[in-house]
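In what comes next, chain A is part of two complexes: it sits with chain B in the first one and with chain C in the second one.
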Partner chain A sequence: MNAIRHTLTQLGNAVTRRLTRLGVASRFFIYLLWHSGTAFQRFRLTIREVYFAGVLSLIIILVSGLFVGMVLGLQGYDTLQRYGSSEALGVLVALSLVRELGPVVAGLLFASRAGSAITAEIGLMKATEQISAMEMMAVDPIARVVAPRFWAGVISMPLLAALFSAMGIFGGYLVGVQLIGVDPGAFWSQMQAAVDIRQDVMNGVIKSVVFGIAVTWIAVFEGYDAPPTAEGVSGATTRTVVTGSLAILALDFMLTALMFTGGNAK
Partner chain B sequence: MNRSMIDLWVGVFVAMGLIALLFLSLKVGNLASFSTAESYQIQANFANIGGLKVRAPIKSAGVVVGRVTDVRFDNESFEAVVTLNIDSRFQFPKDTAAKILTSGLLGEQYIGLEAGGDPTMIKNGDRLKLTQSAVVLENLISQFMFNKAQEGKDSK
Partner chain C sequence: MLNPSPETDVVRIESLSFAYDTRPILHEVSLRIPRGKVVAIMGASGCGKTTLLRMIGGSIRPTAGVARVFGVDTTQLDTAGLYRMRRRMGMLFQFGALFTDMSVYDNVAFALREHTALPESAIRDLVLMKLDAVGLRGVAHAMPSSLSGGMARRVALARTVALDPALIMYDEPFAGLDPISLGVIARLIRRLNDALGATSIIVTHDVEESLQIVDYIYFVSGGRIIAEGTAEAVRASGVPYVRQFVRGETDGPVPFHYPAADYWSDLAVPKAA
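Right after this comes the complex of A and B.
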């Protein structure tokens, strides 16, 4: 009897703790949005963070995009040529990149490359009491430190996802047309006929904006919420990557279900 | 890293991102065909639309001239009412026939328009009179079987 009671108490405790944390994170998010005026008034702060979150992620995004596209080209060709429709390679590569892989893989890379850096930086600022020092000087650390990083992430993420998709399509073109010898005219024209601006490209951009918001929100919150110890910062960095990646996958499923079933269910 | 270098790199990054977006919309998706340009809508009734979907292409002589924008069921005539959105650059005579065709053996279904000889052109909101339904494989097979059975009876 006691054991059951103990388990139930633990379960309840775990649920309440998570819910409380979610509530704190939501209030933090609202406060952040409310105080992000500085991030735009002193836009230089945000530009600096775009450099750290976006520009420094370029290499990994471009290289992964190229290779994902090349692998899609090889694998797609292998399957499609069995059905004698290797000209549809462009459609396969473009649709899978623009709709899914571009936003999702770019988001996962962004979470591990830029999200972890944001968390570690803010966490360390807190551990070395730079945040408290700002508060002493009557500078709002959320407006001065957190908001520019948040907006930089939100700005960078769609651009990175677009670069990933474009690079991937280029990789698919390299392998499909240059290496294997699919007809370039069919490759591009079938792609253009099948990819719809609003349905595919726009939805991909919307997805990447949503992922950008989610990942950077998690990153800045984990950093700001981290216990001010070395262990705390390392734990927060890990949580950013894990929670951020899981959030991307869950959100992707929900967004896909919303965006791409409406037309077909008719 | 000084200020102007950061600015330069961020500028390069944003420009690259925008170029990628432009590439996706112009070269990958066809922005040119996604014209908010003038179009007109006509309707056509079909006894059976088979697997026709919204956004299926409408072709005349093999050229895409529009898209299907709506498919619904008319509960009075018990027929499918298909709304066709056709680019205003293309005008068709009033007695144009609409057929539901399949591209390739197992490909997607589209609407084929065959122009008639009527001197008056079709207008926005008009209804096509001559339509031909989708070919349903089961019906085709049962027809074939029925004909074979008939032949067998006649030869006796």
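Right after this comes the complex of A and C.
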């Protein structure tokens, strides 16, 4: 009896702790949005962070996009040619990337490359009392440090996802057309005919914006909430990558269910 | 003695108590910091002196009592009120807390850029003047990571006084410095206080260096003020704790041994008859 009670108490505590943290994170998010004025009035601060979060993520995003596209070219051709429809390779590559792989894989890479860096930076600023120093100088660190990083992430993410998809399509073209010899005319024209701007491209963009908000919110919150010790910052960085990636996968399923089934289906 | 007129007090703390959860840190502390003076708050590590400093700065709220700074009770201020008050304060953190992503110049210019509409040419002159006052105009364009501990502390000091604060607070300004840097920082604290017409509070456990530059000292132990007085009075103090602290004796009211079970009963070896 006691064992059951103990287990239930522990379970209850764990749930309450997580819900409380979610509440704290939500209040932090609202405060952050409310104090975002500086990030736009002094846009130079945000641009600087776009460089760190976005531009410095370019290498990994572009190389990954290229390889994912090339693999899609190989795998897609292998399957499609069994049914004699290898000219549809362009459609397969483009739709897979624009609808799913672009936003999701770019989001996962963004969480581990830029998200972890944002958490570690803010966490270390806290551990070395830079955040306290700013507060003592009567400067709100959420407006001055957190908001520019958040908006930089939200701006960078859709751009990175778009570049990922573009590189992927180029990779698919390299393998499908240049290496295997699919007809280039069929590759491009079928892609143009089948990919819809609103249904496919816009939905992909919406996904990447949502992932950008989720990952960067998690990253800045984990950094700001990190215990000011080496252990605390490393734990927070890990949580950013794990929670950020899981959030992307869960949100992707929900968004896909809303976008590509039911009333919205073509 | 301190000036008896309370109107000249920049900081006035009355019956201030503070506890983390249920662990008491400060118990009914009262003290005064008069205008123009350099006052030290001394005590062993963990005695609650940094907590006291943070309460004066308004970053921690007391569980009971009043902390008046510039005549305003900080415990009643909202965030906007606190930020207004802090524009008249400067705080030097234990390890400087320089912004590592900015150059020395930008660190000192930070508060000027955030709080004033001065043109960049005026900011440049002010920054160079502050850096010159701490002797580091030559490293204006270096990054904080390339400075030694003593230099970083001096840059942080220049940043602290960038807006000519009326109250300057120092959290362990001497911690981890070599003797030369220590002497330089100590003399700078005194000189800047007098040149700016400011008031300074130093939280420290560095006895010798502090006694040479401060006007008055409060001793904190176990969350209470147990002694106070001028440097001479502290040196001649008969209070056992102050005597142990000033002379650096290993045993006294602060015992060498942390309370533990009986030594022999803790050891596995039986005591020889």
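As a working rule, the second predicted complex is superposed on the first by the 262 of 266 C-alpha atoms of A that agree within 3 Å, B and C clash if a C-alpha of one lies under 4 Å from a C-alpha of the other, contacts with A are read in each partner's own complex, and residues count from 1 in each chain.
The definition used in the following text is that contacts are C-beta pairs under 8 Å (C-beta built on N, C-alpha and C of every residue); 3 or more make two chains touch, one makes a residue touch a chain.
A quick note: this is a predicted structure, and the numbers were derived from the prediction, not measured.
Participant: Clash or fit: how do chain B and chain C relate after the overlay on chain A?
Facilitator: Here the two partners, once superposed via chain A, fit next to each other without clashing.
Participant: Would you check which partner chain A:Q192 touches, where first means chain B only, second means chain C only, and both and neither mean what they say?
Facilitator: The answer is first: A:Q192 touches chain B but not chain C.
Participant: Name the contact category of A:D200: first (chain B only), second (chain C only), both, or neither.
Facilitator: Only chain B; A:D200 stays clear of chain C.
Participant: State whether A:E135 touches chain B only (first), chain C only (second), both chains, or neither.
Facilitator: Touch status of A:E135: second partner only.
Participant: So in the superposed three-chain picture, is A:V24 touching just chain B, just chain C, both, or none of them (first/second/both/neither)?
Facilitator: The answer is neither, since A:V24 touches no partner chain.
Participant: Of the two partner chains, chain B (first) and chain C (second), which one does A:G54 touch, if any: first, second, both, or neither?
Facilitator: Only chain B is touched by A:G54; chain C is not.
Participant: More residues of chain A in touch with chain C or with chain B?
Facilitator: B
Participant: I want to verify one number: the closest Cα approach of chain B to chain C after the superposition, in Å.
Facilitator: 11
Participant: For chain A, which residues lie in the overlap of the chain B contacts and the chain C contacts?
Facilitator: The answer is that chain A has no such residue.
Participant: Can you name the residues of chain B that touch chain A in the complex?
Facilitator: Residues of chain B touching chain A: 1, 3, 6-7, 9-10, 12-14, 16-21, 23-25, 27-31, 33-34, 53-55, 64, 71.
Participant: Inside the complex, what are the residues of chain C that reach chain A?
Facilitator: The contact residues of chain C facing chain A are 57, 59, 82-84, 86-87, 89-91, 93-95, 97-101, 110-111, 114-115.
Participant: Which residues, counting only chain A, touch chain C once they are in their complex?
Facilitator: 121, 124-125, 128-130, 132-140, 144
Participant: Spell out the residues on chain A that touch chain B in their complex, using ranges where they run on.
Facilitator: 44, 47-48, 50-51, 54-55, 58, 94, 98, 156, 158-160, 162-163, 165-167, 169, 188, 191-193, 195-198, 200-201, 204-205, 263-264, 266
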